[in-house]
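Read through the structures below before going on.
Across the two complexes that follow, subunit A remains constant while its partner is subunit B and subsequently subunit C.
Right, the complex of A and B next:
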């Protein structure tokens, strides 16, 4: 079982190339919003999702992807997908 | 209520890869994917659809006070001459797209009459973002070198 901290760190590495606000990236937490805080361009959200799928070897359905606007929502989805394995 | 979205084509070329595995499936409906793949210039088609979805979503999310990343639930129909529609949860939005060598810009409105009344201002800039709050635009989109304001 992965710790929350490990999971946040792996997510941080994934979003890092797309995050335009590097300060917000450095202080990333469960409450961080991809668009409002990290200033990720909405056109790159799909890349974040595809990178998450590759990194964790999971498949995220379009309905699940709908909520993936924050670190917390992404962690919930990743944890539940990893739990199914 | 109106919305807009701009894609700087040089940035899109650099920052996104529409041929990436899973990219089209996550963003576009099967019918949109078919249109993209049979288009003369799939790259431009991808970003035209994307700006249509985004401009409509900006109205939808403000009206419903919800946020989501559900691009395949925003269904685009391209009519002609830059005009199209986007449907989300049975709400219809009318769109008009301008494409040139530098950018794609789409405006959206809740009616075709409202759409025709939209005033557009596109500013090119480097470095510092210009101050635009005093201009009181209805919607703003910025990507790469361009800032688009609509009134």
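Right, the complex of A and C next:
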């Protein structure tokens, strides 16, 4: 089982190329919102989700993608997908 | 949706419609052509006394044929009541040859992926001699616009 900190760090690496607000990126936490805090646009949010799929070798469904707007929500979905393996 | 229906669904008109014909379309890509009308206003200024089609217009032509027509086709398969609307979100294009007024170009696009409403394609444009004019990748977000 991966620690929360590990998971946040892996997510940070994924969102890093798309985050426009580098200050918010540096202080990333469970409460960070991809759109409002990191200023990621909707097209790049799709890239984040595709990169998450590749990084964790999981498949994200449309309904799940729509919920993945914060670090916390993404962690919940990633953990549940990894648990199914 | 067939090619005629897709052409009718395009949200452009002169002087910003850069599609004459859509010769092939399926879920994996689109092929179409356009002949640059020498009367287009921008030729007067790009360049002074030396008209050459601007790169942004070549990019727009590739986007209208390769990305927007394909996006409308893909959306038409999922929902018969609505028309797909494509918003361009990124471009990465290399330009190899100039295109002069009156030249006919052919655009071929291939879908890389269409997921979570984002359509990502490779596109290339060739001139009448079959030479590659420009090529690269385009992406857009495809949403549904209700009829009427």
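The working rule: the second predicted complex is superposed on the first by the 85 of 85 C-alpha atoms of A that agree within 3 Å, B and C clash if a C-alpha of one lies under 4 Å from a C-alpha of the other, contacts with A are read in each partner's own complex, and residues count from 1 in each chain.
Basically, contacts are C-beta pairs under 8 Å (C-beta built on N, C-alpha and C of every residue); 3 or more make two chains touch, one makes a residue touch a chain.
Note that the coordinates shown come from a computational prediction; the quantities given were computed from them, not determined experimentally.
**Student:** Just checking: does A:65 make contact with subunit B only, subunit C only, both, or neither of them? Give me first, second, both or neither.
**Tutor:** both
**Student:** Where does A:43 make contact in the superposed view: on subunit B (first), on subunit C (second), on both, or on neither?
**Tutor:** Touch partners of A:43: subunit B and subunit C.
**Student:** Common interface residues of subunit A with subunit B and subunit C?
**Tutor:** 41-43, 46-47, 49-50, 62, 65
**Student:** Any idea which subunit C residues touch subunit A in the complex?
**Tutor:** Contact set of subunit C toward subunit A: 89-90, 113, 115-118, 139-141.
**Student:** Quick one: in the complex, what on subunit B touches subunit A?
**Tutor:** 7, 12, 15-16, 20-23, 26-27, 50, 54, 67-73, 143
**Student:** Along subunit A, where are the residues that touch subunit C in the complex?
**Tutor:** 41-43, 46-47, 49-50, 62, 65
**Student:** Residues of subunit A touching subunit B in their complex?
**Tutor:** 41-47, 49-50, 53, 62, 65-69
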